[in-house]
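We just call them A, B, C and D in the order they show up, numbering each chain from 1.
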Amino acid sequence: MHRYKFVLYRPLQFLPVLFGISVITFILVRLIPGDPARVLLGTRATPEAIARIRAQYGLDEPMLAQYFYFLRNLADGEMGRSILYKIDVLKLIATRIEPTLTLVLCSVVLSVLIAVPVAAIAARNQGRLADQVIRIVSTFGIGFPPFWLGLMLIILFSVELAILPVSGYGNTLSEKLAHLVLPSLTVSLSLSTVLARSLRAAMVEGLKSDVATAARARGMPESIVFWRHVLPNSLVPTVNLLAVNIGWLIGGTVVVETVFALPGMGQLLVRAIFSRDYMVVQGVAMVFACATVLINFLADIVTVALDPRVKL
Amino acid sequence: MIAALLKVTDLTVVHDGDGGERTLLDAVSLDLAPGEVLGLVGESGSGKSLLCRSLVRLLPSSRLRISGGSITLSGRELTTAPEAEMLAVRGGEIGMIFQNPSSHLDPVMRIGDQITEGIRFHQRLDAKAARAAAVDILAQVGFPDPARQYDSYPHEFSGGMRQRAMIGAALSSNPRILIADEPTTALDVTIQAQILRLLMDIRARRGLSVILVTHDLGIVAQVCDRIAVMWQGRLVEIGEKRGLLAAPAHAYTRSLITSHPSLPEEDMPAKAEKLRAPGAVPVVDIEKLHVRFATGGLFRRGAVDAVNGVTLRVMPGETVGIVGESGSGKSTLARAVLGLTPVSSGTIRFDGTDIASGRAVLGMLRRQTAMVFQDPYNALNPHLTVGKMLAEVLRVQGKIETAQIPARCGELLDLVGLGRAFLDRKPRSMSGGQCQRAGIARALAVDPKLIIADECVAALDVTIQAQIVELFRELVERMSLTLIFIAHDLAIVRNLCQRVVVMHRGVIVEEGRSEEVFSRPKHAYTAALIAAVPHIDPDKPLLAPSKMATPQADGVAN
Amino acid sequence: AGVLTIGRREDSTTFDPIKTAQNIDLWVFANVYDVLIRVDKTGTKLEPGLAESWEVSPDGLTYTLKLRDAKFSDGSDLTADDVVFSLTRIRDDEGSLWADPFKVMDTVEATDPKTVTIKLKQATAPFLATLAFPIASVLSKKGFETLGPEKYAETPIGSGAFTITEWRRGDRVILAKNPHFWEADRVSLDGIEWISVPDDNTRMLNVQAGQLDTAIFVPFSRVAELQKDSNLTVHLDPSTREDHLLINHEHGALAKKEVRQALDMAIDEQAVVDTVTFGYGEVANSYVPKGALYYYADNLKRPYDPEKAKQMLADAGASDLTLNYVVRAGDEIVEQTAVLLQQQLAKAGVTVNIQKVDPSQEWDMLVAGDYDICVGYWTNDILDPDQKTTFVLGHDANMNYMTRYNNEKVKELVAAARIEMDPAKREQMYTDLQKMAKEDVNWIDLYYSPFINVSRNNIENFYQNPLGRFFLEDVVKN
Amino acid sequence: MSEPLAAPALGRKGRFRRRGTLAAGVFLLGAFVFLALGAPLIAPYDPIAQDATARLQGPSWLHPFGTDNFGRDILSRVIWGTRIDLKIAVIGVIFPFLIGTTLGTVAGFFGGIVDAIFMRLVDVILAFPFLVLMLSIIAILGPGLASFYIAIALVGWVSYARLIRAQMLVLKNHDYAVAAVSLGFSRMRIMFRHLLPNAAAGSVVFAMSDAVLVLLNGAAISYLGLGVQPPVAEWGVMVAEGQAFVTTAWWITLFPGLAIVTLAFAFSMIGDGLADLFGVHE
């Protein structure tokens, strides 16, 4: 089983990555002009009030000292306090993490569910009408901004047909799932396009490959050739593509969360950036980064599982 | 003659291009009796593979089409049979083995499952029974531990084992006819011999009919009953092998036979004279060379001793052949000599200077040596025309003035027998042989003292092979080159080289004048190598059965 | 009966009244906490809240408030101690964002369990109005001490009409009717959900699809369409919001009054009202909002006259004026105004360079004086004009709302008006201030606009007063 | 053994079909370039001229694509927008391409410690929430195209670098690379003259789909309020601004949206065509 031994040491490589991300976020958010104290106080701010708030959150200290506190907190498993919400950042994130996670998860599942059959149809009808139609439709999927697509989906499914909730998240599992259908669909429409294109290309190659020829020469019908030989061989590059895109996907949830009023981390992040809630930006960035790293790690495991040749 | 099992009459395959039809198979007729082995030979592109694929109606492109003739299998017409019926014929009646097992086996499916798949589909067995049957087949094709090896993946096997697995897959559905399209071209001689023997074994055990496609007349001579010769889409000649080899009717068959590089019977002492006087400085002087490659990951480190203590001296003007099975360290040795691979220990002296002693030496080495690579396509930059490529080398080497570069490029092409028209060609539009010549021209552009040719003919057609060998012979004579010629084809080395070095697992097991080594091999391994070469004379049988070691399934591919 | 769902742009940030300055929070406080003194529905008069009655000493320094019998949502009695605790906390807590307006309090004492006595350091006319501010909500001292500040800020104990049962962060705040509210029989709803739906379109669609009962922050562009929907009622409730164009008086030619006047004339406020507010706004003629206390209706409205403006600029030697217009990104209204003003000013020969920046950066630039013009808006927190007047004209720490406007006479008048206790005299003073500001063009008043909310027809009495308070205790859901 | 010689088995008709895709893509792109260059002549109105009498009008003969809330002609704005959007797509791709290709080439070629450091850097950037980076860079440098380009370049190069590096790792072991070493060519020459041209095909194809992603990123940034400065006509901004009117005046969003899709289509056709031509797949 030594092909999987990277599972043991790969996590060590996360550390420098997360460290790098913490440093960059830390510097970056503080380079942005704007002052959290001022945002907090609003138009009625007075200089004394601002100075008081800055002192209270240690914003008047030198940057290096602030970073040091940040690291020290991190070592204690804390991420500091939100200036805007006045609670611990980790607690805050804990209340917001679920919708984002489920959205990403549903989107990935849905994208794969869309991409595989679509790519299969396109590849098996390469160059024919079905293929061309899929190509054209998928270009639309990629070309229209998600905030527009999302709105159109709401108008169609929630207002006109009234079969799905307009926005928000739910309380029970089934409610949540119902609320996630349209957001995931919005994300999937663009993600699945990317996946389907790559998958189709791999499948077209696969159908022409020696492996397929050999299977046909053994008398295997086209369906077995496709599903048992071509598809498994096409999945590896697609999984990698998915992994690379996951960061982008997680980032992309921001817009979708806003359109669909999902109380997730993307919304939290945008509001935190605009109100210069440094600790929250940092915390969310770290969580996003961890998620990305973790998902890439999972993708590596899946790759190894899918392709016995791969060694990492 | 026994009633034919398979009968092909006037089979014609055309290609529907935009410029009209092109006939690829032109009224080919042949038949195959039960239990018979038919050898199909012919130059590259003559339609051998196409013929095989036509038999099971698996044409490589939708633009190809069977436009006439008939194929009958036990009296059943196949050209018009419905697709569903063909599913049963493919695999069930006619099994196929392909040239390149690495690409035809599904890399992500277990070897055993690929065999089971056919069994379950054709024989409708349940999973358990199918598995048992597959294990049985694996045992039949020579897997020493089939129950365990069932669960292995193709990449975990050596090339020879993969070819066995491929044969196993073809046998899985118990066909009556086996079509083997160049099943051994990618393998080295010893493995080739094993595979051929396995095929014959199976034929004997199962009473299969076999169509064996190959380039190598030696192979057909050894294992076939009848031989069919193809040339430019036509079947130009077919007949019982002895008769055909003794009295070839067609000009192409004759040229095939003459260009077949067999090991000569007697010593050829003429070459000995050319050895230079002793005392001259050796061009290459290798002493106790070790090249070790680290393998594995962080926790389980390992190492391969690719070259394990080689000492070798090559004198100016000498032609030295290095032979040995795949993986024996030949290429590594060559690369080390040219400073292309880091050396673990030992010294290499070029013209008396240690090449590890500084950049200057390396520079000199690069200006006085050149390498010709095994794979003619990969060794040329696909983006450069032959002319640009040569000009660049000449410019970087700076041995002649810029103004003379174009003229020199032309000369180089003349030297390797390519027309000047090739200056503007890119590798993609050239045949393998032409690419190889361009590669040689590039080596000559350096104006080297030493050329190392690493298996530079292995990938070529016999006829082209013969041309290239001839070219080298000429060059050595005309330009007083020193040549190190690496190959696993013993016959060629025997023809070209004065001295031969036999490598096995990173060490030199035997070394000496060619004629001596070949006629009186001292080392058992050398003997095995020589014995494994299929002779064009059917009466000189391939490899005595006793020599057939059981193959080991240890070969984890690199 | 029933639970009222309200869609709004953002979720609350905290329920600790002294730790936020965001309307989004204040508007919820109003129905969770009660205040001593309330502002009425018109937003111009004070009325009793938790304080049944109050007395102000003739020197204006001592306030005596009599508390009514009221209970917190946990059933405990509301006492003078709670009031003392709440008011001193605003002044003294180190995390308080509102300490400044309460620094004027010298002592706050519970003279008996139902009486609170506040002594001021100096007479301050707007003090009562300040007590009506949601910031001055009365917290439960005992509750605060047992729960601790953090927990209390999440699920507070108040004495308002509703009480918080759950806060799903980022999503919604769920309120239930407070049975202990002293006016409990006035309340018809079982509860309220404040739901955050950041996207304007989505929020409107939610109401249209019947998934929300009401939505606030209806964009001007959607009013006409929503009015056409027979299931919906669009509420255009008068507000104290005024949009204005800030001018940096310290930048070159802008220091000249004539130049600023010329700019005012170059701007066609009516066009802004028509284009940006779709006609739902009204041209502003004073910094005091229309309908608010002491608003001077006859204040000067400078006519739109680009030619004259051009002439005046030329006379002032500023004919090739180039202005750096800082625009807050992400605010549709502000961006649209910018596009419009740019073109209008161009007609008077003024080149306007738009510089779009994110909101907190905008604020930095204003503070640093790194701008020429910039659109801002203000909504009153309290009914007294003093707060805004001080910020805008009174030369306090804000450089007169970052305009750097400087007129000593105005400054003195602002200070005098603050301590003038006679309403008639005060009104005159504010009228003068409005005239003077207009003359000096401290900024350019653009327009007043209503609060626009939409509700489904089964919702009755959904109303927001000009200070932004929702009277949810009166809402009926059928 | 004849397989490698034969170019992909294609009839002339097949070749035409593929070339046709490429040609159609190039033609479409050419049309956009034409619109961009000829905008002053082609556009019927001034793209920023407001007309209070013609606000929010639906498509008509006078205004084929309708007008927006300032009475500006959408058609003219879409045509003028071509200038900005082509620039965004091109610049937003070229810099990441150049940076990514160079870094990827060097990392892949040298391997070892250089490559290890490089890969960690790539990991960091990949794991870094794109939006945080984008928003903060725009906030630091101020909104506007320049910041957008810089932000895109800082992030976008990673994809190219990864692609090229992977290719390099394979190609540098190819015989022709080894041959180049043995002929005494310098590393620079080998990396950039011999290996890079062979490694770049995949990236060029990817660049075509990347161009679309860049445009969409621009639109998303505009949606969050930090796009191009008004009153400049840019498709993403137009779609984002039109959001307010999407249920009442659909034409404000639809036409610029279609423009993005059409340009996307052109790029993707070119990408597909190039992929077939080079024989690479994404």
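Basically, a contact is a pair of C-beta atoms (placed from the backbone, for glycine too) under 8 Å apart; a residue touches a chain by one contact, two chains touch by 3 or more.
What you see is a predicted model, and the numbers here were worked out from it, not measured in a lab.
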With contacts counted as defined, which of the two, C-D or A-D, has more C-beta pairs across the interface?
A-D
For chain B and chain D, what's the span in angstrom between their mean Cα positions?
45
Rounded to the nearest Å, the gap separating the Cα centres of chain A and chain D is 21
If you average the Cα atoms of chain B and of chain C to get two centres, how far apart are those centres in Å?
86
For chain C, residues that touch 2 or more chains besides their own
201, 205, 330, 358, 361
Enumerate the residues of chain B that touch no fewer than two other chains.
60
For chain A, write out the residues touching at least two other chains, lowest number first.
32-34, 147, 151, 155, 258
All touching chain pairs, where touch follows the definition stated at the start:
A-B, A-C, A-D, B-D, C-D
What does chain D use to touch chain B in their complex?
1-2, 4-5, 7, 9, 11-14, 16, 174-176, 178-185, 189, 194, 197-198
Chain A touches which residues of chain B in the complex?
56, 58, 60, 86-92, 95-96, 98, 100, 103-109, 117-118, 121-122, 153, 155-156, 166, 169-170, 172-173, 297-300
For the complex, which residues does chain A have touching chain D?
13, 16-18, 20-21, 24-25, 28-29, 31-34, 127, 135-136, 139-140, 142-148, 151, 155, 194, 197-198, 201-202, 205, 241, 244, 247-248, 250-252, 254-255, 258, 266, 269-270, 273, 281, 284-285, 288-290, 292-293, 296
State the interface residues of chain A toward chain B in the complex, per the touch definition above.
2, 5-6, 8-9, 209-211, 213-221, 224, 228-229, 232-233, 236, 306-309, 311
Residue ranges of chain C touching chain A (in the complex, touch as defined):
10-11, 13-14, 16, 19-22, 94-95, 97, 99-100, 150, 153-154, 168-172, 195-199, 201-203, 205-206, 208-209, 211, 330, 358-361, 363-365, 367, 376, 378, 381, 391, 396-398, 401
